[in-house]
Structure formats: structure tokens, C-alpha cells
Amino acid sequence: MNRLLSLGMRVLTVLLYVFLLAPLAMVVVVSFNGGPVPSFPPTDLSLHWYGEALASDNFMGGLLTSLWLAAAATLVALPVGVAAAFAIARGRWPGRTLVESLFLSPLIVPGIVIGIAVLVAMAGLGIGNAPLRLLLGHALIVLPYTLRTVLAALTRMDPTLEEAGIVFGASRSQVLRHILLPQLRGAIAAGAILSFILSFDDVSVSLFLGSAQHTTLPIAIMSYMQYNFDPSIAAISAMLILATLAIALVVERVFGLKKILGS
Amino acid sequence: AGGFTSTVFGGVWEKNYRAAIVDSFEKKLGVKVALKLGTASEWLTNGMVNRAKPEIDMLLLPYPDSIKAVRAGIGMPLSPDKIPNIRNVHPMWFDQFRKEAVGLDYVAYGIAYRTDLVKKPPEAWSDLWDPALKGRVTVPNIGVWGSWEMLVAAARTRGGDESNLDPGFKALRELRPNIRRFFSGSTDAMQMLDTGEVSVVAMTTNIPAYALIDSGKPVKFVFPKDGSMVGMVSYHVARNTANADLCMQFIDHALSKECQEAFCNAVIAGPTNRLARLSGKAAERVPALDQLKLFDWAKVIPQMSEITDRWNQEIAG
Amino acid sequence: MAHVRAERLRKSHGSQLVLDDISLDIPSGQFLTLLGPSGCGKSSTLRIVAGLSSPDAGRILIDDRDVTRLEVQKRNIGMVFQSHALFPHMSVNENVAFGLRMRKVSGAEQQRRVRRALAQVRLEDFGERFPQQLSGGQQQRVAIARALVVEPSILILDEPFGALDRKLREAMQTELYGITRELGITALFVTHDQEEALMLSDSVAVMNRGRIEQVGPPAELYEKPRNRFVAEFMGLDNFVRARLEQAGPQGSVLSAFGQRFEAPASALPAGSEVEIAVRPERIRLAPQAQDTSARVCGRLTQAIYHGHASDYTVQLPDGQQLLVRQESAGQAPLSVGTEVWAHWPPLAVNILEAA
Amino acid sequence: MTAHAAILAPDSLTVVAPARGRPPVGLLVLPGLALLVLGLFLPLGQVLWMSLNPPEPGVIAPVAELTLANYARLMRSDFYLGIVVRTLWLSALTTLLTAVFGMVLGLSVWRARPSVRGMLLVMILAPLLVSIVARTYGWVVLLGDKGALNSVLMALGLTDEPLRIMYTQPAVLIGLVHVFLPFMVLSLLGALDRIDPSLTEAAATLGASRWHVFRHVILPLSVPGLASGTIIVFSLSMSSYVTPALMGGSRSGLMTTFIYQQFSVTMNWHFGATMVAVLLAATLALLLAVVGWSRWYTRQWSLAR
Amino acid sequence: MAHVRAERLRKSHGSQLVLDDISLDIPSGQFLTLLGPSGCGKSSTLRIVAGLSSPDAGRILIDDRDVTRLEVQKRNIGMVFQSHALFPHMSVNENVAFGLRMRKVSGAEQQRRVRRALAQVRLEDFGERFPQQLSGGQQQRVAIARALVVEPSILILDEPFGALDRKLREAMQTELYGITRELGITALFVTHDQEEALMLSDSVAVMNRGRIEQVGPPAELYEKPRNRFVAEFMGLDNFVRARLEQAGPQGSVLSAFGQRFEAPASALPAGSEVEIAVRPERIRLAPQAQDTSARVCGRLTQAIYHGHASDYTVQLPDGQQLLVRQESAGQAPLSVGTEVWAHWPPLAVNILEAA
């Protein structure tokens, strides 16, 4: 019985990994199509669409914009979210539960509404600066992740370690720097990774906040797809997967991913 | 050197637009034309929100956002004085915008279908109701390009028109058994057609369909016997822009015979400049003006909210 | 150097009163040990003195300055937590160096002192390990090194040797004794080991249920426990009710076990009902009665071997039991069931106020 | 936080901290709150205000005139109420499946040797790396009428007709579970990583089977992560738009579908704002319950002392 | 009832060999104690016997069945972890009841047994508390109750009394002794307390650096330690090199301290270089030489008060030191600096193989 259960678990686990990866594998396969439309299995193998994607100003410019935007939004939301997580986990003030929930509203409000609301508000203030607008919008939508992941980890953290820090002469900021943050490293990294990816992937909020000069990659892709139906999108996706894998491998080699994403 | 900001659709459309119109303009005047990607409704919203201090100097908008823009007074009046080439444009591409915008090109909506999956090729809108197509048709979802046209076309098959859409709703309700799904964009539609999820795309412009056809897929695109619906994009110069003159110079350039021919031949579309002549594939694939079925958008737009509700509940719900 | 005083501390957790009017005075450079049963409030007292929790009432004075609300990190404390509280993300070296880093001690000096502290706890070779890779006793020693290395003016130790074997424990005790005396560190120590308390301390406070029962120099507590609780805690046993027949500065006479016998002097008035106690190891067992002042006869009902000694239970005719510890001293242990005589010298009797 | 728990409040940093005019740790919420209020609540407030204005498509500025007409329209429509229910139902189902599968995946990472852990995490995060459009194409290739799954099923003779999976409600569920799994797994890992392994060992020595160790030790101790994951996934499901639009069939519209419609097609911001208000209120109420429950559940053992 | 055997266990952590060929045999119902210095591999051994970690080589047999790969939960063990490992999300009652729940014991029976187990560890009133709300010793007792309540056939205890004061510890020892003997539980016990080990165990294994140095009944280890390591661990001290001048079954003659004196019988051949040791408490100090077989004169250099005894260091003329423990027995302690004579009876000398 027990054995059956554990065998079942193992099978389920494998199936779940397959479930996660199968559609992506298809995308990668399709990206090697030489023909003008995606087909499966690929008609003639070629890297043609990789070349096309790499040669596109829109894609490459969008990629740059998306990279800095995701990085900046993460950098803004991370400290703010971590600080709020501390306030909620360690403070004793009324209304914490409500405030904790309110911090989730950027997740709940549809992106288009966030985009429009921010656009209208900034126009009302006479601010037409697209990078600033994008940054604000993206910082908002990733804030909940930085908060949540850290909050969950803080709930189960042994407070005697903080006490030991204080006893040995650490100021509050030193306790934070030397004891809490290193222990929350995994949670913070998880929050940062989610933030980065989500900002990088966002369409709805960016749509209303960008400008001719500042278009994100997903918007460029979306616009491309208004008239095109070719494998270059698959090629871009495949390149993103491969690039991420490469980065993960390097990080793994250099730092050990488990150190960053571990406890 | 100065410049201004306008809008542009992505993909091959942008490529051809730049090659045929923008590059030569930039070179001629030594200015920079910044083109914003995105969706029409977003451009329109931006125009409305930033009415006092426009971010987009000149909007290039498709139906129905172009008509909405006109109704919202986004664009400034245009005239042949500043844009001499307007004189060569067929008046219907200028007048329907209350002379506050002018059309760049037109495309025609038709039916795309899989030759291998369809026994009896559709020839008219009414063929979509063929019971043999049960669960094999996709129709644009409301709000998507072609959806309003679909409703009007449906109404017309049952004796209705843009001010009497009831027959259209009735007809589409009857079409429901055939509808596999409402598509959310041309890529979505072509993907379903390509993979055989559907056999017929009910209302699509020629550009995406010919992409499949030209790559050798068993697909055909037809302009229905009872008349193609029309898609059009138009230039709107934002009222408070500081770059109005430059925008108008650009429009004049875009409407020139050379640009119109270069652009329309490339994207397979109809020119608005009467002097422009199509050649090659474009000549075969673009219907003549008299094959087009126009309708009065101004009558549809005020009903949109109500139409959408009805569509959601009666057709999609 | 710091004179530490706790004044009338009181602390509750919910409805439970954990500390009930605790006062302590540790002169600069002295070593005070808290001794008491599990759950009596030792750790709670330590936490308040360290500043990690605040008392509901009362205050902490360091060198006559009220520090009850002073930030912990300004108190120059070294502390060994009962749960060790090692930083799991730091190596042993980093754990030990932590307090030095916070005190901005230079890198080379840090290294030197960390090495020395690790040598003191016999963990020279473990600097690169992480706490999870250490055994229980090794972890505890890292915690000790971490507290000693900062040369604090106040050292607070919560059962720091609980996980160590005797040899190591004795070595650590000696180190601790030396370091505190040498540097004049004021120390507050918790242990559950009476011997350790007596050996290390300048004074010992015996706690019970959040109160201090008696405080004084080790010998005083050992020799003159105020009441049965302290006496028991100091290892006294064989409590028996007795009557003080004669009392005086030269000695007294008691009646108990249905007989009269001599005992040391007592301040209590003649005629008092008292409680007497005799340490198990002060009683001698013999097969025959011998001529000492006090003796009773009984039957051996239990014998437990302890190595250098054996513990015997002697059942007396009146139903009372005596606990006796006999050094093994090479003889064969006595066998259960035999009749024996228990003897003790007059000076072995402790006279306590009756409870 | 119950009164009981408040009394047991641990005397950690917080209690020690206010010594000598130290600002309380609660103030750390202010930067985040400021970002939220200035960046979202005020702008959003302006939009939500419009839900109380008379509906007029094309008008995009709030006015002073107030009416409940938009709310009345929504409340009186079985259709829109049905959408609210359908959205809640689908989100709940998505969250449930994600939680179950996320736990399985989370445990696989938690138990993995450190050397493979990184790679497992990358695999779990992978779905987020591919644009939804490309991903949908992948799904069509797999699940379409002529897709891999159907080919296999038909080749095996398990079915004569292809299973219709794409463009149905279940397809939306598949798509949502697929993209939201990484969120759940990461949240869960945050909690799992804080479980002392000796606790599971202790349970095993006491006779607990693997299932019981999970049920009685791992599951309760991962409640903070589970709550976090639930909260994130539920919120994301409630506001998901692209996946239902691309993978759903003709009847898969969710609240967000119609909110998008009102904002970008009919330009009836007033009614759109009304739906946003309802979406926000329903989701926040549910989340408040989850947050409160999780806090109540962990009150005895989070942070005590 | 279970006969537990460990055969040639070997275990490494990275490059460190933690267990090096450990074999143990615990007959059904017997009590074996592992004794050894911090970090020698006691906990590691326990974990392997419990099934919590698997050996790199070797196997575990229970009733002659190889269980090395058997799941932990099928072994019917009770275990007290060195770190307690209480479930933080369960009340004390729930913690203790856990094993019963897993065994599907009925609710009423669960309650009854939990109450009894908590009474055994003196925590009747703490059932509703959560572990974080308990003192260190209370937590440890909950861990003990949790392991005992299931009446396991094998009980594994890793320093279960480390955080308890002596009285409680003795009470717990008595409970443990009673329960294991009564129920015939096979017990594997780790302690760093020699007395505890000698008192509770049927046999004791002394470990050092991942190896077993000696295993046998308590008295055997105590009386006949095989080598200096075991001897030291058994509390022997005063190790001195000596020469076995005469050896025989009646007794032997040694030369050391520049003199000859009698000693007990030894199996070693006459003429061997040996190491001798005398327990500190077997040496008597006196101001004058007395007529016993062995005596040396020296100067008192240190005196440490221990309560019922004092520890003295005596410096001999040849530079060696003797450690002497004298029962206080009411006399005034000797003062440092004076000249004293140390005497010991012939039987007090232990003869060991030279290291």
C-alpha cells in the first residue's frame, strides 16, 4: 500500500515535470522550422527564424527595454516589499491582516486597468515620461511577489538567531544585513526571480505605459503577431529558454543555484 | 532635425510601411519618424488621455477606432491646402472621417478555408451556415477586427443592416453550432486553420490568409460573392500637437502615387489614391472598389456597448 | 567590569507567573550561578538581564545605571543560549568572529582571537564547518567560543556544558574559571549541575517557581541550606522529622528513629520540631552495629551500582527509608535482603526548619 | 490576531526595539504603502470613482454626478453574475490543482540532492519563460484535434474521434495551472525549506508512514507557504486574461475578459470600473479570509518566544 | 522485545570518517549505553540503528532480520533526539499522542496514556502548551514522554537527560529503568554522564573517534578498563608510568615515584613497562606519613571546593601532579601551600597496558 503510494507519487512527479516542459519542448522544436509558418513536425530544419528574430530592431530594442525594466522594477520592489514583509511579520500594529491583503491588489486588478489608471494619473500630473511610467507600473505589479515570498519565510524564522545577533553587538541594521537577509536569501531570490520574469513577461500594463521609444519585448511580439504568423516568435521563446538555461548553468557553476534558491 | 511620433502595426506590415513610405520621407526631410507599436484602442486611449499635450502626434488608426477618434474629436481638420494629395483620394476615404482624417489604404475581409477539409468551398457569407461545417468555423470575437463587420454582414444576409442588427444576432445565434470558437486575433485564427482545429475562418483580411497560402498550405481565401467587407486605416493629426505641419507633410507623402503603389503592392491592399495602380499579386488579390460593401460605422459605434452585451449573452454566452 | 543588579523582576507569560520578585546582585567581576529545577525561571531571568525580554516590573542596573530599556547591543554581553542559536548560514569561524566583526575588530586580530577561542573549546580544526555538520557537543562548544571571544564585560551562560562529557566539561570549566577571573568578567551562569555551581561560583542563587529561595556563597548554601528545598537541591537526602531535645552552641541532642543522638549546634530553640537530613554518602553501612553516636538497623531493599560508589536503600522497621551511598573501595557490594546497620557521625546531621 | 495570541506575543525584536526612541519595525511598511497608495490606489480610485458615474461610452473623466446604475446593471444581469461565479469557480479550481501539484513538485525539489535541485527549479520556472502565444502553439501541437495526444490515443485505439481539448474550459484550466505552478512551488519551497528535517525523522520514528509524515508534519508546517501560494495563484487566476482568451472556447470568458472589453472595445469605462470594483471586493474578501486563517493557524508556533 | 545488532558499520561525511567499523549487540530487553567524547560518533550510530541514515557499509539486524533498508516507521522504535525535535505546531498533548495516533490507538486510550506519560515526566499540567512555551528541560521531558508513550520494542535515547537538574534526572532515570525492565524494551542510550551510564546499563560501549574502545558490563569497564582512554573516561586519573617488578595472581609489585609498592594482580608479565592510575577519591591526604603500602609527599598547589568533597592538586618533587578528591566530611579543608602526604591502598591501583 505504502509502496504503491510512493510509486504513484514518483509517477505523478515525473508526469508533472513532463506537463511543465512538454509545450515548451514543442515550441523549441517548432522554432527550427525553415518554412514561413510554424508546423509540427518541422518541415525543413533551419535556424532561419533565429536570424530573423535577431535581426529585428523591434525585438532587440524591446529585449533591451524589457531587461532594464524588469531589473529596475525588481530593484525598486524588492527592498520595499522586503521591508513591508518585516513590518507585517514582526510589527504589532492593528490592521496588519488588512494591509497584508491590500498589498495583493496589484495582482488582482487586471493589468489593463492598472495601465490605464497610471496613464491617466500621470497625464493628470503632466508627467509624460514613459520609462518612469513603465517603472511605476511594473514595480507595482511585482511588489506582491517580493512581499509574499519573504513574508512566508519570515513566519518560520527562529527569532533566537536575531537575539544572538543583538547580544553580540549587532545594531538593528547589522542584524538585518548579517543574520536576517542571509537567511532569507532563498526567499528573496525567489521573489526577485519571480518579479523579474513577471515584469519581463507583462503585456497588459506595459501596453498603456510605453512609448514609441520604449516598447517592451512582449509588446513587440504582440504587435508582430498582428500580421505575422511565422516561427520567429517560437525562435525568440526558444532563445529565451536557452539563454535562461545557460545563465542558470553558469550561476550553478559559479555560485551554486542551491545557495541562492536554497534555505 | 525634428521629428514626430506616429503609430504602426507590427510585423510585415511595419516592414513594408517603413520601406515604402517612412524611409523615403525621413531621407527627404532629414527628420525622424518615431513609430509606436501596440494596439489601436491603446493609441486611441492615449490620444484621449493626453489630449491637452499629445504624446502621439499623428495616429494611424483602423476601423472602428478611427471613427471613434473622429467622434471624440481627436484629430484636427485636414485639407488639400496642406495635403495636396487629398485631391487624388476618393472622397469616400476622406468624407466618412468628417475631413478630420484621411485613409491610407483599404483591405477586404473574406473567408479563408482549408481546401482539404472542406467538401463544398464557401462562396458567400451564407455558406457559413452550412450544417456540414458543424464545429468547424471560427468567427472573430466581439471587439476583434472583423467582428462588427461579421455582425453587419450577417444582418444583411437576413435583410437587416447597420441600424437594424436584430437579424444579424439571430443569424449568428443560428451559426453557433458551426462555431468552434471565437478567435481573438488573426494569428489565433490562422493557427487554428493551419493545425486543422477549424476548417473555415469566417471573417479575415487577406494578409494573414495569403501568408498560409504562399507557404503552400492547402488554404484558399475568397471574397464572398455578396460583397467583401472593408478594412481601412487612416491618419489623424492630434489637435494640440506641435508638429502638425510635419505630420501633414508626411500624410501628403504617404498619399503620393509612388508611395501608395509601393506600399499597397507590397502588403496586398487597395490604394486610396485613385491614380495609384496595383500590379502583380496585389492586382489579383485586391477587389475593386465596386466589389466592396461599405457600411456606416457612425451608426454602429453608438450601439457598441449594447451590441457587446448582446453578443456576450446571446452569441458567446 | 560591570556591577550587575536585578531588582524585583516580575514576568508573566499569559496567566502564568514566571518570575516573581527576583532580585540579584553580582558585584563586578564576580560569578553568580542560578540553580534550580527545570522550568523555575532561570532562562527567563537571563533573558531579562541580557535585555532580550523586558520585565513586567522591576529593573536591571549595570554599574548603577538603569538599563532596563537600553539596547542590548550596547551592553557588551557575551551569551551562550540554551539552544545554542548558532547562525546556520555562517561557518564556525564566522560564527565565532561575529561579535568581533560587530565590534569592528581588525581582520588579522579577528583571526587570531577566533583561533584562540576555538582552541579553548578544542575545535581548532572545525573552523570551516557549518553548524549542521557538527555534533551536539561541538555545536555547544562553538556557542561557548562565540561568547568568550568578545571578552565581554558581562557573560551570560545558559547551561553551556549540558552536552559535554565529563572530561571536556571539566576542561571547559577550568577555562571558564580562568578567563572570567583573569579578565574580571561579571558572569551569570545557569546550570543544573550542583557540583559545577559550587565549583565555579562566587555565589549561588537557588530558584524555585520563579522565586529565589536562597542566595549566598557556595559553602554557605551547601553547609547551611535554609530549607528543605535548598537542602534537597544541594544533594541532601534522608529527611526525617525530629525533635530538638537540647540545643546549644556546642552541639545539640535530637530524638528521632525512636532514639536520641548527638547533632551539631543549632540556632533553633530546644523543644522545636525540626527536620533533619543526612547526606547519603555520610552514612556508613555495616553488618554489625558499631559504636558511633547514631545508628539504626534495617534491611537492604535496593542496590544500584554507580562505578566508584553504590546507592543502597535501607528499609527501617518504622517504614522509613534511608538512602545510602557507599564508596565501592574495592569491597564486594552488599547484597539486597541482608540486615545492615546504618551509622552516621554527629556532624553529618543537618538541622532545618520544619517545613 | 486573537487577544489570546497577543498576550503570548513573543518578546523578540519588536519588544526590545522601542527602547530609547527607536522607531517601531511597523514603520517599515510605509515605503511599500506609499508606493501602493500613490501608484495604485489613488489612480485606481479615480477609475473606480467612475463606476459611480452615469455610464457614457467614450467619456474617460470622472464627474461629480453619482448613480448606482452600473452596479444595478451588473447585479440585475444573470449573465454577469454568472461570470462572477464562473470566474471564482475556475480560480478556485486552478488554485486547488496548483496547490496539489505544486506540493508534489515542491516536495520533489525539497527532497532532491542539492546538486540537482537547481536544475529542477529551472525546469519548474521554465513555463514562465515562454511567451503565452508561443506556449499556446505548443499546447495546440500537443492537445489539438490532430495533436500528439490525440494521435497517440487514436493510434492505440482508445478513441475513434479526437478528444476536443483545445479551446474548451478544461484547456483554460490546463493553461492556467501550467503557468501558475511555478508561483505555487516557489512559495511552498519558502516554507518547506524552513522545516527542520529532524521533525520528519521524529515522526517516522513514531511510526508515521510517508503519507502521515506529510499529512501531520510537512503539510501543517508549510501552511505559510501554501497560504502565500494560494493567495498569489488565486489572485492571478481571477485577473488572468491572455490564457483564457487564447486557450478558451466560445464560452470561456472570465471577468477580466469583459473588463478588457469595456475598457478597450466599448470604451465604457464606467461599467468596466464597476466590474473591477466587484472583482477586487470579492477577491480581497476571500484573501483576507485566507490571510487571517493562515495567521490564526500559525499563531502558536510562528515566532513564539 | 527485540534483539538488536549492528554489524561493522562504517559511515563518512565527505572525507571525514565518522564511524569506523562499529559493531554492537544488544540482546532483547537489554540496555546498552554508548559513552564517548563529544563528536565521537554516538549520535551517528543511533541514527543508523534507528534507520534515519544508512551506513556506507555494514548492516543492522533486528531479531536476526536484516533491516538496514527497512523503513523507519516499521521498526517500532521510540527515539529521543538530542535536539528534541518536538513538533512546533502541536501542543504537548498532541506531540505525545502522535505515536499513538499513528498506531491507531483509540481516543480514550490515547488520552489515558498521554496523561500517564506526562505524569511520568512531571508535566501533568503542560498538555495544552506549545513547545515554544516551554523551558529547555520541559521540552526535553516532552520528548522523553513522546518516546516512552508508544511502549516501543526498541528505545533509542540521545542524551535524554542533558537539560535536567539532578533530582529530576534521577527521578527520570528511575522511571526509565523501571519502564524498560518492566516492558522488556531493548534500549540504546547515549549519555555523557559516566554515572548514568553505569547505573542504567546492562552493558556500556566506550567510543572514541568512530571506533569502539571497549564494550562490557559497567563493572567490568569500571574495574578493568582496557586502556588509558577508557580508564580516563571511567573517571580514573593520576596516570603514571611504572614498571611491573613482580606479577602474580596474588598481587604484584610496582616501581614508580622512585619507590616500590604493592598493587593488585595483573595478567601482564613481570618486567613490563605499564601505566598505573589511581582514582582521585581513593587517595587520602594527611599532614603526616602513615603506614600504608604506598605514600608520596608533595605540596598542595590547588584546592577546589565541590560541596561534599574538595579537589586538591598535589605537586610531587619530581614534577608530577596528583589529583586528589577528599570528602569534606565536616573537617576544615586543607590549605594551599602546605606539605602533605598522599596515601593509597594497594587495591586502589589500576594497571593498564602502556599506551
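Should a chain be cited, it is by its letter among A, B, C, D and E, assigned in written order, with residues numbered from 1 in that chain.
Methods note: contacts are C-beta pairs under 8 Å (C-beta built on N, C-alpha and C of every residue); 3 or more make two chains touch, one makes a residue touch a chain.
No experiment lies behind these values; they were computed from the predicted model shown.
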Inset, instruction - Report which of A-B and D-E is connected by more C-beta pairs in contact. - result: A-B
Legend entry - Of all other chains, the one whose Cα centre sits farthest from chain C: B
Inset, instruction - Take the average of all CA coordinates in chain C, do the same for chain D, and state the distance between these two points in whole angstrom. - result: 56
Inset, instruction - State, to the nearest whole Å, the distance from the C-alpha centre of chain B to the C-alpha centre of chain D. - result: 37
Legend entry - Separation of mean Cα positions, chain E and chain B [Å, integer]: 90
Inset, instruction - Please work out the Cα centroid separation of chain A and chain D, and write it as a whole number of Å. - result: 15
Legend entry - Residues of chain B engaged with two or more neighbouring chains: 39, 42, 45, 49, 187, 191
Inset, instruction - Please set out, as single numbers or ranges, the residues of chain A touching at least two other chains. - result: 2, 38, 116, 120, 160, 163, 166, 222, 225
Inset, instruction - List, in ascending order, every residue of chain C touching at least 2 other chains. - result: 13, 51-52, 71-72, 83
Inset, instruction - Would you tell me which residues of chain C are touching chain A in their complex? - result: 50-52, 71-73, 76-79, 81, 83, 85-90, 98-99, 101-103, 146, 150
Inset, instruction - Flag every residue of chain C that touches chain E in the complex, lowest number first. - result: 13, 35-39, 42-44, 82-83, 133-138, 140-141, 158-159, 162-169, 192-195, 198-199, 218-219, 222, 232-235, 279, 281-282, 304-308, 311, 327, 329-330, 345, 347-348
Inset, instruction - Mind listing the chain A positions that touch chain C in their complex? - result: 158, 160-161, 163-171, 174, 178-179, 182-183, 185
Inset, instruction - Could you please specify the touching residues of chain B with respect to chain D in the complex? - result: 39, 41-42, 45, 48-49, 68, 71-72, 142-143, 176, 179-182, 184, 187-188, 191-192, 195-197, 302, 304-305, 308, 312-313, 316-317
Inset, instruction - Name, in rising order, each residue of chain D that touches chain E in their complex. - result: 8, 196, 198-199, 201-209, 212, 216-217, 220-221, 298, 300-301, 304-305
